[in-house]
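What follows is a set of structures to go through.
Both of the next two complexes hold subunit A, though its partner changes from subunit B to subunit C.
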Partner chain A sequence: MGITALQNGVKVLGFRAYLFRRAVSALLVLFVIISFNFAVFRLMPGDPSSLIIDPRFTPEAIALLRQQFGLDDPPFVQYVKYIKNLVTFDLGQSFTSRRPVIDELKERLPNTITLFLTSFTFTALLGIAVGVFAAARRGSFAETLVTGAGLFTYAVPTFFFQLLLLLLFGYYVPIFPIHGTISAPPPEGTWAQLLDRLHHLVLPAGSNVIIGFGSWALYTRNAMLEALSQDYIITARAKGLSERAVLYHHALRSVLPPIVTLVFLSLPGLVTGAVITETIFSWHGVGRYLVDAVLQQDYPAAQGAFYLIAIAVIVSNFLADLVYGLVDPRIRVAGENA
Partner chain B sequence: MAFFEVKELTMYYRTLRGQVKAVDGVSFAIEKGKALGIAGESGCGKSSMATTLLRLLPNNGQIMGGQVLMDGQSLLDMPEEQFRRRIRWKRISMIFQGAMNALNPVHRVGHQIMEAILTHEDVSPTEARRRAEDLLNMVGINPKRFDDFPHEFSGGMKQRVVIAMALACNPDLVIADEPTTALDVIVQAQVLKAIDDLRQRLGLSMIMITHDLSVIAQMCDDVAIMYAGRIVEHGSAVDVYSQPLHPYTAGLVRAFPNIAAGRSTIRSIPGSPPNLIDPPTGCRFHPRCPLADGRCRAEEPAFQVVAGRHAVACHKADVLAGGVDIWQQRQLA
Partner chain C sequence: MQLKRWIVLAVLAAALVLTTGIQAAQQTNVRYDKWGPKVDEIIMPIIKEPEAQRIAFERGETVVLPGLTRPEDIDRIKRNPNADITMNLGFHMFYLAFNMRRAPLSDLVIRQAIAHVVNRDQIINQLFQGYMLPLESFVPQSSPFYNPNVDSYPYNPTRAREILDKAGYKLDPKSGVRIDPKTGNPLRKMYILTPTYEVAPTSAELGRMIAEAARAIGLPVEAQPMDFPTMLEKIDIFEFDMYLLAWGLERNPTFLYDFFHSSNDVKAGYNTPGIRNAELDRALEELYYAPDRATAQRAANKAQEILSREIPYVVLYSRPYIDAWRKDMVTGYIPMLGYGAANYQNQWTTLNIRRRAGEGGTIRWLLPEEPKNLNVVTASSAYEFEVLGRIYEGMYAIDPVTMQDIPWLAESWDVGTWEPAPGKKGTVVTWHIRKGVKWQDGMPFTSADVKFTIEFMKKNEVPLYQSRWKDIVKVETPDQYTAKVYFGTQSYWHLYNADFPWLPKHIWEDVKDYTNFQPWLEPHPTVKGLTKAIGTGPFILKEYKPGEYVRLVKNPNYWALKPWK
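Let's look at the complex of A and B:
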C-alpha cells in the first residue's frame, strides 16, 4: 500500500499512513505541552522550595533539601528528570495528603469517567436525535420548540442551572442526594451499591445532558438541512425511497462524518466542564481534585491533574481523527486502493 | 391516445415577492419509444417541469392545475404513497447531472443502484446485486468497480452510473435533465451515444431537457422550445430546425454554429429572459422580439398547429414561414 494516491486531483493519504501521521503529531503536541508546563512552573515567581522548606531551617539543611529535590541541578537535567517522571507516571507526592498523586488520581478517575461517559453518551444521542427530528419537520411548531429549547438550555450558565436543580430536586423535592458519589456509609450488597451510585449520578449527568444537547441539536439540524438540499437527496427521492430512508440512509449518513468528528472534538471541553459539575455536586473525581489542589497550592497534585487532562484532550483529538477516517470513505477507501 | 400526455400543466413557486410562474400551461405528448427534446434558456422552467412530473417539488412549489396522464391514468391525483411505490423510478425515472452531486458521496455506487431495485422489486439482495452489476456492464463500467465510491470516478463515469441507475427498474419513461452539462465534449459525445443506444435497444420513451439544441437534433424525434414557462414551438426536430416559426426558435437556431456552412458570425438574442414573477403582458417574448407590435404586447398568442405536428404560439408565424431572416434584418438595421 502506497502512502499517497492522486484522486480527482486531490492528494489523499492512505489510511494507515494517515493514522501514523496523526499519532506522531499527537505525541509531538503532548511533548510540547509538558515542556511548556515545565517552563511555566519555573518561570513563576518564587522558589518551589519555599513551599516545603521552612525559612527557619539552617542554610545547610536548606541546601541539603534542595539537593534532595534536585533543585540545584542544571535546568537541562531537571527537564530530563521531569520528562522521565511524567512518562513513568511518577507524579510526585501531594503536599496536603502526603500520598502519591498518581494514587489519588487513580482513585478518582473511575468516578470522573463514569460521570463523563454517561453525560457524553446521552448528550450526543439526545442532541442528534432532536436535530434530525427538527430538520425533518422544518418550519413546524415542533421544530421551533425544540430548537428554542436547545438554544435556551445552551445559553443558561452551567453552574446556575446545576445549583437550581440541586435546590429543586435535592432540597424542595428531595428525590435525589445533594452531594457525593455514593452514600456514606455505602449500602450493603453490589446491586444496592450500584443503584445508589446511579441515584447519585442522575442530577450531575442529567444536568450536563440538558445543558449540552442544544448545541448538538442545532449543529445536527443545520448539517441535516444542508444535506437535505443536496442533489443526491433529490435523486434518492426520485428513486421512490421512503422519506425515512431518505432521511436516515442518505441525509444522516452523509452528515455523520462531521458530526462524529465534532462529538470527539467536544470531549476535551467536557473534561474541563467536569471541573464545575464535580465541584457543584461534590463529585469525588479528578475535576474537583484539580480545584482543591489549586486552592491549596498543592503544586504536584495540580500538575498531575493538568497532565491527565492534557492527555485526555490529546487522546480525544486523536480519536476524532481516527473516527473521521473510519466514517468518511473519501479518507478510508482511497488508502485501501492506493 | 399517446402513451404519456401532459395537459395545461401549471406549477408556481410561492416566494416572498410573489408567485414565480415557472411552468404555465404546458402541454405535450410522447408516443411509446419516442424521444422529446425540451430546449430553452436557463430559468425558462424546463427543469421545474421535470421535477413537477415526478412530483419532487420543494415545499414552496405548488401544482396549480393541469393533468399528467400515463396510459390514461392521472398521475397528479394519485396518493403520494402510491405514486412513490408504483411510478417513481418504476415507470418514470430520471437521469440527473451525474458529474455534479447526483450520487451520494458516502455510499458505494453499486449500492446506490441496488437500492433502487430493492425498493421497488421483491428480489433478494444477491439478485439485485447481480442486476446492478449487469447494468454497470451495460453502460460500459467494469462491474468490479461496484464497491467504489463516487469520488473515485471521473465525471463521465459518474454520469454512466447515473444512467445505469435510471434503468435499474426497467422504466417506461426516462427524463434526462441536462445529462451532459459539465462534461467535456468528447465525454459528452460518448455519454449521449450510450443513452441513445440504450434507449433504442430498450424501446424507452424519453424526455431530454437541455439548453443544447445540437443534443436534441442528435437524440430526439420531437422538440419543444420553452420560453418563460411556456412552450412556444413544438414539432418534429427536422421541421422545427429547418423551418422555425417562432422568432425565439429562429434566434436559438441561429445562435448555434453550423459546421457544414461557411464562416459566419454567431449571433445571440439580445436581452435576457423575463422575471417570472411578473411576466410581460401579451406574448412573453415581445420585449426581445424584432417583430413585436401592439398586438403582441396586448394579446397572448394561441398555440396553433401550422402543419402536421408543427405548432407555434406567435402572431407573426406567417412572417417567418415566408422565409424572412428576421434576426439578420435586425442586425442590419
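Let's look at the complex of A and C:
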C-alpha cells in the first residue's frame, strides 16, 4: 500500500493501492447511481396507480393499491427501505407481476447472457479478422469493400435490419423461428432441446453479428494500420520476417491490449445491449424487462434492473482498469513531481 | 327502445360491412354450443412484436390474431385466402374531455360549438381508413342501456358560428379570434392535451385536426402532444383545458356514475371534466342504486340525456373488436357483441373452437404480451385474464348476441331485499349453485367456496374487487348449493357485485399473504401435475414458461363437457 516508487519524477502507486482506490471509487459511484436510481422514478410524472385507468379501480381501490405498494410512505422512509433492501439483494416485488424482482431477473439473465455472449464472440472474432484482413490489403478493392460494408452495417438502424431479417427468414424463406428461445412446447431430449435453442438463436444473434462486426473491423483496421507504420515493423520486415509473421506476431500482438480493454468495456452490454433485439425477436431477457418496467412505472422492477446494470458497468470498468493497470504501469500514476 | 337499438346496430353493422368489406360485423343468427371444449390443448405462444405476430399467423403458428387495430394489417389479412376476420362492436369510447371548471369552457356555448366542428366521418376515414365506428352517445351502441334519443351535435361549422355569434362571441376580423362578451377581451388560448405522435400517432393527429377546426370558427385552440404520464398527471390535478383519451367500458352503465357524479370530482377522481349538476347526480344515484332493471334503464336514459345536453365530453368514436382467424385450420369462433370473438370474456369461442382436422388435438392461440401474474386475486392485465379467463368461471354467462345473463355456475338466482338496519333496505342475492360442478382437482364446488371467497376478498380488502365487496355485509350458506349474499345497500347491480372469480377453499384457506402467493408456481398438495391455480373452468393450467408460452389442457372434470340443460 502507499507510494512505493518515483519513476522519472512521477509518483506511482503500488498495485494494491491502485486496486483499493479503484474499488472505493467504484463503490462510491455505485452509491450515487442507486440514489439517483431511486430519485429518478419518483421525479417522473405520474405514479404507478395513476396509470391504472380502468373503471374497475375506484379511487378507494387505488388508495389500497398505493398502500400495498408502499407508495404512501414518506420518500425518506421509502429511500431507507430501498437502500436496506439493495444491500441484502432484496430487490423487492414487481408491481405488475407481484413476483420478487430478483427471481424475474434470474429467470431472464441466462437468456440475455446467451444472446449477448454468442453475438459478442462472433462479432468480435469476425470484426477483428476482417479488420486485420483489410489492414493487410491497404488500398485494395477488398479493403474498400470491408470498410464500406463495415460503415454500412454500423450505420444501418438495428430495428430496421432485424425486421427485414424477420420478414425474409420468417416469412418468405421460413427456415428460422421468429420468436422466443425455444419451441412451444420444446422437443424431447437434451440434444434436441439444445439444437432447438441454437435454431432460435440464429436470427437474433446473426443479426447482431452483421450489425456489430463493422465497428470492430474498423477499429482493428485503424489500429493495425497505425501499428504497421511503426519502426519496429520496419525492423521486423528488414530482418526478413514473413509478412504473415509481421502481421500476426508483431502488429496484431501490439494492438491486442486496447482490444482486450474494449472487450471489458463492452461487457455492460451483457445486460443492456440486447433491448431492441429482445423486443423484435420476443426474446425473454433483461433488456426487454427494463423497458417494460420503465414504461409501466414498475419502480422495483426498473430499479432492480438498473441496479444490475450499474453493477455490471462498474465491475466491467473495474476489470478494464485492472487489466490496464496490469499491462500498462503508466496508468497507475497518481500525481506529478513530488 | 330495444327495437331502436337493434336498428342502430344493424345500420352500424351494414356500414362496417360496406366500408371495410368484413363480414359478421353483427350477427343475429350466431349458433354456438354451451358445452365443450372441443380441443384437448391450447398452446399460447407469447409474441410481443406486431410484425412477428402477423408472420406467425401467416405461418399458421397461431390460429388467431386478436385485437387488430392497424389498417395495414387488416388490409393485408383480408387478402389472405386462409384468413377470416370477425368484427364486433365494442364497449369502448374515444372522447374529447372539457375542463368545465375553467372559462371559457365552463360556458356550454363554447362546448357546443366545438362539438359541432368535430367531423367524425373525416376522422374515421382519414385516420382509421373506416375501421372505427362514429359514436356520439355516452353509452356505446353495443350496450343494452344505449339511449339514441338524446341531443346530437352533427358536424356543422356554420351552426357552430351561429351559436357563438348569438351568444355574443363576436369574431374580431383582424385577429380571427372571437371576443369574450364577459370580459371584452379576445378569448384566451386553449389547449388539447394528447399523447405524443411517437406514442399515439392517431390521437396526436386527432388533436391537431380538432384544434384546426376550432380555429376556423374563431376559437384559439392548439393541440399539445406530451409525454403520456405527464398528461395523466395534469388531468389528475385538473391542469388542462381539453384532452383526448379512451375508455374501455363494461356492459353495465354504472361507469356513468364513476365518470360524472359530483362526488368523483376530486383530484385523481374519474370526474375529470368537473361536471356538477344536481339533476345529473340524482339520475346517477338512481342508476347506481336502482332496485330493479326498469329503474336502472330509466335512470341511465335520463343521465344520457343530461350528459348530451351538458357535454362534459364530445364522444368521438368506438373501436370495434377485430380478430383474424385461420379458417383453414379452425372453426367455431363465436362473434360476441361488446367483447369480440377472441376476448377471454367470450367463453363461447373457448368452448366451441375446434380444429378443421377434427375434434381434440392442439391449437395455438397468440398471447401478445406476457401474462406475468396468474394469481387471480391480484392479476390485473387483460393478458393475464386471457389465461385466467379459461381457468376460472362466474355464476352467470353473457349471451353473445342479446347480452342477457345466462345461468352458468349458478343454475338460477334470486334478487330480494332485507333490512340491514331498521328502516333501511339492502339487497340479497341468492345463488343456487349447479350440482356436479367440480374444481379441476375433482373436489366439489359448493356454497362453502362462495362464502370463503367473498369473506377472503373482504377481509383482505382486495383492491381489484373493492367495488364488489365494499357493500357486502355477510354471506349465509343454508345448504351446500345455496349461498345468500347480503348487501348493506340496495341496488340492481349487486347481482353482478355478488359474482367473483371463485377460489377453492381447500387451497386458499392456508394462504396467509395473498399478495405474495404465486399459485401457478406451487404444486397442488395432492394431485400430481396440477398447480394451485385451479378453477372450475374448461382448461387447466399445465405449464407457464415465462417469455415463451402458456400451455392449457382440457379439464377432464369440467361440468359442461357434454350437452346440458
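Here, the second predicted complex is superposed on the first by the 260 of 338 C-alpha atoms of A that agree within 3 Å, B and C clash if a C-alpha of one lies under 4 Å from a C-alpha of the other, contacts with A are read in each partner's own complex, and residues count from 1 in each chain.
The criterion applied here is as follows: a residue touches a chain if its C-beta (ideal position, glycine included) is under 8 Å from a C-beta of that chain, and two chains touch if they have at least 3 such contacts.
As the structure is a prediction and not an experimental result, all values here were calculated from the model.
Novice: In the overlay, answer first, second, both or neither for which of subunit B and subunit C A:253 touches.
Specialist: first
Novice: Taking the superposition as given, does A:139 touch the first partner, subunit B, the second, subunit C, both, or neither?
Specialist: After superposition on chain A, A:139 lies in contact with subunit B alone.
Novice: Hey, is it subunit B or subunit C that touches more of subunit A?
Specialist: For subunit A, the partner with the higher number of touched residues is C.
Novice: Of the two partner chains, subunit B (first) and subunit C (second), which one does A:239 touch, if any: first, second, both, or neither?
Specialist: first
Novice: So, A:322: does it touch subunit B (first), subunit C (second), both, or neither?
Specialist: neither
Novice: Looking at A:225, would you say it contacts subunit B, subunit C, both, or neither? Reply first, second, both or neither.
Specialist: Once the two structures are laid over each other on A, A:225 reaches no partner at all.
Novice: Who does A:184 touch here: subunit B (first), subunit C (second), both, or neither?
Specialist: The second partner, subunit C, only.
Novice: Given the touch rule stated above, what does A:297 touch, subunit B (first), subunit C (second), both, or neither?
Specialist: Only subunit C is touched by A:297; subunit B is not.
Novice: Which residues would you name on subunit A as touching subunit B in one complex and subunit C in the other?
Specialist: Subunit A residues touching both partners: none found.
Novice: Which of the residues in subunit C end up touching subunit A in this complex?
Specialist: 43, 45-49, 51-52, 55-56, 58-59, 227, 229-230, 232-233, 236, 245, 247-250, 255, 258-259, 264, 266, 268-270, 364, 370, 372-373, 375, 378, 380-381, 461, 463-464, 466-467, 470, 515-516, 518, 543, 545-549, 551
Novice: Across the complex, what residues on subunit B touch subunit A?
Specialist: Its residues touching subunit A are 51, 54, 56, 59, 84-85, 87-90, 93-94, 96-97, 100-107, 115-116, 119-120, 148-149, 151-152, 162, 165.
Novice: Which of the residues in subunit A end up touching subunit B in this complex?
Specialist: Listed in rising order, the residues of subunit A that touch subunit B are 7-8, 139, 230-232, 234-242, 245, 249-250, 253-254, 256-257, 328-330, 333-334, 337.
Novice: Please name which positions on subunit A make contact with subunit C in the complex.
Specialist: 44-46, 50-62, 64-65, 68, 93-94, 96-99, 104, 107-108, 111, 163, 166-167, 170-171, 174, 178-182, 184-185, 279-285, 288, 292, 297
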